[in-house]
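The structure appears right after this line, and notes come after that.
Chain naming follows the written order as A, B, C and D, and within any one chain the residues start at number 1.
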Amino acid sequence: MAVSVLAYATANPGDTSDFERKLSRFDPRRIRRLAILGKTEGNADSNDFSRELALLATTRAIERIGGPALLARTTSLFSTGCEGAYTPFGYLFVDAEEARARRRRPGRPGSGLALGVGRSRSLKAREVGTVAHARIVADTVRKAMRDAGVKAAQVGLAIVKTPVMPHVAAVEEGKAEERRITSHDSKAVGGLGAGIALGEVSGRAVTPARIGADHSLHARRAMVFSGSEVDYVEVLLLGNKPGAGGGLAIHSTQIADVLDARSIKRLLVKAGLRLDRFGEVADSERVAAMLLKVGFAPDGRIRGRRTTILTSHIDHDKHLRAAASGILGSMLGTTEFFISADTIHQAPPGGGLCACIVRRRG
Amino acid sequence: MAVSVLAYATANPGDTSDFERKLSRFDPRRIRRLAILGKTEGNADSNDFSRELALLATTRAIERIGGPALLARTTSLFSTGCEGAYTPFGYLFVDAEEARARRRRPGRPGSGLALGVGRSRSLKAREVGTVAHARIVADTVRKAMRDAGVKAAQVGLAIVKTPVMPHVAAVEEGKAEERRITSHDSKAVGGLGAGIALGEVSGRAVTPARIGADHSLHARRAMVFSGSEVDYVEVLLLGNKPGAGGGLAIHSTQIADVLDARSIKRLLVKAGLRLDRFGEVADSERVAAMLLKVGFAPDGRIRGRRTTILTSHIDHDKHLRAAASGILGSMLGTTEFFISADTIHQAPPGGGLCACIVRRRG
Amino acid sequence: MAVSVLAYATANPGDTSDFERKLSRFDPRRIRRLAILGKTEGNADSNDFSRELALLATTRAIERIGGPALLARTTSLFSTGCEGAYTPFGYLFVDAEEARARRRRPGRPGSGLALGVGRSRSLKAREVGTVAHARIVADTVRKAMRDAGVKAAQVGLAIVKTPVMPHVAAVEEGKAEERRITSHDSKAVGGLGAGIALGEVSGRAVTPARIGADHSLHARRAMVFSGSEVDYVEVLLLGNKPGAGGGLAIHSTQIADVLDARSIKRLLVKAGLRLDRFGEVADSERVAAMLLKVGFAPDGRIRGRRTTILTSHIDHDKHLRAAASGILGSMLGTTEFFISADTIHQAPPGGGLCACIVRRRG
Amino acid sequence: MAVSVLAYATANPGDTSDFERKLSRFDPRRIRRLAILGKTEGNADSNDFSRELALLATTRAIERIGGPALLARTTSLFSTGCEGAYTPFGYLFVDAEEARARRRRPGRPGSGLALGVGRSRSLKAREVGTVAHARIVADTVRKAMRDAGVKAAQVGLAIVKTPVMPHVAAVEEGKAEERRITSHDSKAVGGLGAGIALGEVSGRAVTPARIGADHSLHARRAMVFSGSEVDYVEVLLLGNKPGAGGGLAIHSTQIADVLDARSIKRLLVKAGLRLDRFGEVADSERVAAMLLKVGFAPDGRIRGRRTTILTSHIDHDKHLRAAASGILGSMLGTTEFFISADTIHQAPPGGGLCACIVRRRG
């Protein structure tokens, strides 16, 4: 088994032509796990249906190629919002039995990229945003660790999708008067839950009063997404597994703020990449995947100065994704990377995290 | 005479408290020229009135401090659109007789920053966007060069404001059926006109057919802005004048695309600044002003890849400004710089330009 | 054969549960033609994918219910933009052989609602917006008239979908420099072409110079839509056919401007409905479908007064749809009707048109 | 003394030319009270500065015409958001000593329009949104009643402006962690406070738990606005005063929802206007001012149907204002009226209120 990571292009959220091309390189029967992390280009507001379109189109494509059996082994996560110098596209993760020619030679030890997934039961609207929800996230991350065959210390990144019950549904369930769970709240418990499973947050510390309030509690290797199209928690986990093949490794780090290019560069250097004298990555073709999640301080300031992040007609996350795209783009010389925002309980306020999957040299 | 450059903070577009504080360091009677280049934080759409508010508030403040006489020696240019990791603020340029203590010692030769301004007559709606408009821009840039006392080769940057006649006015003049002059069209002739004056564009080459069409024609040291609040051309010009004092110098360069951080870093190195091993500016406190103008290729692609710059509910310029803010911000460690978009006839398609004013060492 | 018109509710653009419920009332084998006119709730900007989602989801539902054979007899048109007091939903038109019990009694003569459809060949990007495109529209409307079995004078409404070639595609075909065909341009030839077929526009009058310029040329019973998801012209035509059953009739009228509620009320009265003393429709339950298309004058004024229709961050069509929703809503006591904007060559500048399908009394 | 109501046109929020023209009809020394209720056309988001521009420009105009003395007798309230079939403009209320010729003849008894104003002390950030704030509103409304010389029963409309402390200011005061007072919260206490003064809400009923929660508590004749440009409560009150001159009367009513045109028409009929057979106002030239405030139900539904009011990239209030503009516009045949949204504690959920000032016949 070895995990391959391929980027596929899209002409629009419903376009699966390159996805199908890339997927057809693999024999569907040899695929243990298929995972998709896609970025779509909708308006990233409540009337954005680009994720739903991408999911429906990709589902149909997988069915065509591998039937319901392959679909059942697939985990898909689409994130919308593609502002700045940024390309809508997708990463395809394929955990497959290696074809003979590609199998690693005995003389090549070391660890390789491992992939694991997990899915929880359906949540009830009243559970979303609670301590119980956080525990469900923790359990689902642990399930994905077992699936990947890695321990907490070997995890590079846990990608978590948690549900948001839409307003109307909540009203119908008669809960709207009590509390309104936002996408932000759902991500909060997602971060805490992942942190518990990864050993970064004490399970005991996660109490109702501290959810969304005590920002000293946070995971360090989790990126959390939310969506109203799921009512369950879903995890896509990436780690470095001793003895695994594939020639890829994942590295991750926390960053201090959206402008903290230095921490990202340190991560890349640690991953074995080389910076030129302008601080740009000289061998960026070795980067198989680049993922960044950025946040903002409660007062909206950056490096002590006022910004419009919180005082604009444009949602704060769009400001952040676009600014970050310039940073990654000028560092890597491309616009193909994955950027997302809202790092609640995934980093200290204003901070974020970055993960890269890098091909081994030679 | 010596030109000082000061950044002033704003709490909102109508706030002039820091502006007044900074301006009050100077004796109004000793000020030859006052120039303001401000960035406001409106929505940068046609219903954004933040520039008008800033202009009205600043005008009142100048009147209070220096009366109508100082106001008559003032040139103000406000640009809106402050997306990403970016701070609304203003640069205050003061060309004033130096107080005795500050006067340069005889042993300190070399050139210093010079400032010049120019203003044209009022244009008619039907002139806007024509070759005649380009010539008026060229004449106004030349006037500003004379005012600054610099030759074309000594110009670091010509900042040009050209009028846009609003749609309704054009309709009333009975011109709407014929052609609709946009902000983009007005900037086009602004770029060409400035290029003529700076010796970068041949006056003969500027024909109706090539305006907005032949993008091989472009200025190299001009940033052009447009606004419906003016019906004249206004120029604020900065250059390096032999023998001038003040300890400041301006440098500028063209950049290839919005991700071309390398050209900006080369400019900063040429200006005497130092990069650390991550490519960040080690002595950024010496940067008195940083100005960037970025464009996009006609197909909206960057480095060969699809972006959402042209296919989003968010105007293309906002994508660019925000992405560029991340680049400058991570390079300089601040969010206080001036970024604008639309480089038509100011750079090749997709390109841009950058100017920095740097304080001499020690 | 008789045409039924049913409104179906949607919880989101991808929801087909009520659609399937309504469709399942019919035996798929007895359905001659199925037509869908849906309104989705995306942001109605270039990054709105709600129509594509609705189309894909509805296609799957029809396949499930009636297989590829029913899908081949189906015409779908989704329009996005649902601002104001307005409900996203769809109209389902079913032209089916009547079940015995429902067949009209011999003693009930008169005309009934008839439905016809037509589809053209694929257009090339360079054809879009030309006279040839207008002729293709005219031919397709005629085809739909034949399919419905009605003459031009019996047509109540021709709903036309015409293609827009997206910018990027046009650039790749090397046409972008020459001219940029917008959705507006495509609708212009759609209106003219429909007008030719309906005898409202002289075919000879449609010349390149008059397209989009001579607004005295316009259809009177055509609503034109455009979309980048089609490269062909598609027509859904409704008329009153002598001897047809079903108990429905279609009526249409032109309106003078977005506030012209009076013309709409006159139409409803002519269709046999009753107004109370406040001018509201007393028997609005007899309205099976209500369709409105509204435009704006070139100067953006209404009744001589300035508006923000052309000078706002919100697209003009959104202002119009929302304002019109208040008018129809207060008149009919519901928010379920179909409103669209842009009436180029479908009405004089600033005007629009309204069509209603009304159930016969008793 | 008699109150005149004049509408003045604006070319943009900073344009005061028609305002000055209309104001110059009065002798400044004879003006007891000047009040302005203006509608500006910014984007109505947090980066909209159109109100600030209008206020600054109008202030300068009043100073020019009547000096600081007239300015001290002036109350200005600008509201932004002008979507749909709607004109940005202003109402000028002038309470002035009547010129001899215009004085009412002794034989003409009855009541006339009266105007009163009130202003509170500055509020502290921590007071905003509290019961204390509501009491300050009540006191300020009572002050305005005394100024107008009317009793609670004679009040037609109390227009209340209450402060919102901007987020950044609250953070600086160290309150951001505790609670975030929104514009909506500030309006809530504004409505309750006005209701107390007008005898529509029991002062005892206004407790922290019921603010923003118990929507059975609401004023019936108050329109509340909020703004971050004020830190005090300001009231502009209109009533019918026995024996007053001027030939104007104010009438107001609650409406059930945004589509409730019927209640508005009933109000107009009660005010002496005439409806034609289409339910349109036949003598709308007698309407001196028309003010409407509309709300939405917590589930965003209208007449039982789903809308996009709460699930759109466009703020709910914009949907409502635009829809309402179509209703008033088609009823009155003009686009010049005042519409605002958010009726929290000013009407039951989803409801609103309407006030008209009508000229007496003859």
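Convention: a contact is a pair of C-beta atoms (placed from the backbone, for glycine too) under 8 Å apart; a residue touches a chain by one contact, two chains touch by 3 or more.
The shown structure was predicted, so the numbers you read here are calculated from the model rather than taken from an experiment.
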item	value
Chain pair among A-C, A-B or B-C whose interface repeats that of A-D, sharing over half of the contact pairs by residue number	B-C
Maximum centroid distance from chain A, chain identifier (CA atoms)	D
Inter-chain centre distance, chain B versus chain D - centres from mean C-alpha coordinates, in Å	42
Whole-Å gap separating chain B and chain C, where each centre is the average of the chain's CA atoms	48
Contacts with two or more other chains, residues of chain D listed in rising order	11, 41, 43, 45, 47-48, 168, 306, 308, 311-313
Chain D residues within the chain C interface of the complex	9, 11, 41, 43, 82-88, 258-262, 265-266, 275-280, 302-303, 305-309, 311-314, 318-320, 322-327, 329-331, 333-336
In the complex, chain D residues that touch chain B	11-14, 40-43, 45, 47-50, 52-53, 56-57, 168, 313
Of chain D, residues touching chain A in the complex	43, 45-48, 166-168, 171, 176-177, 298-300, 306, 308, 310-313
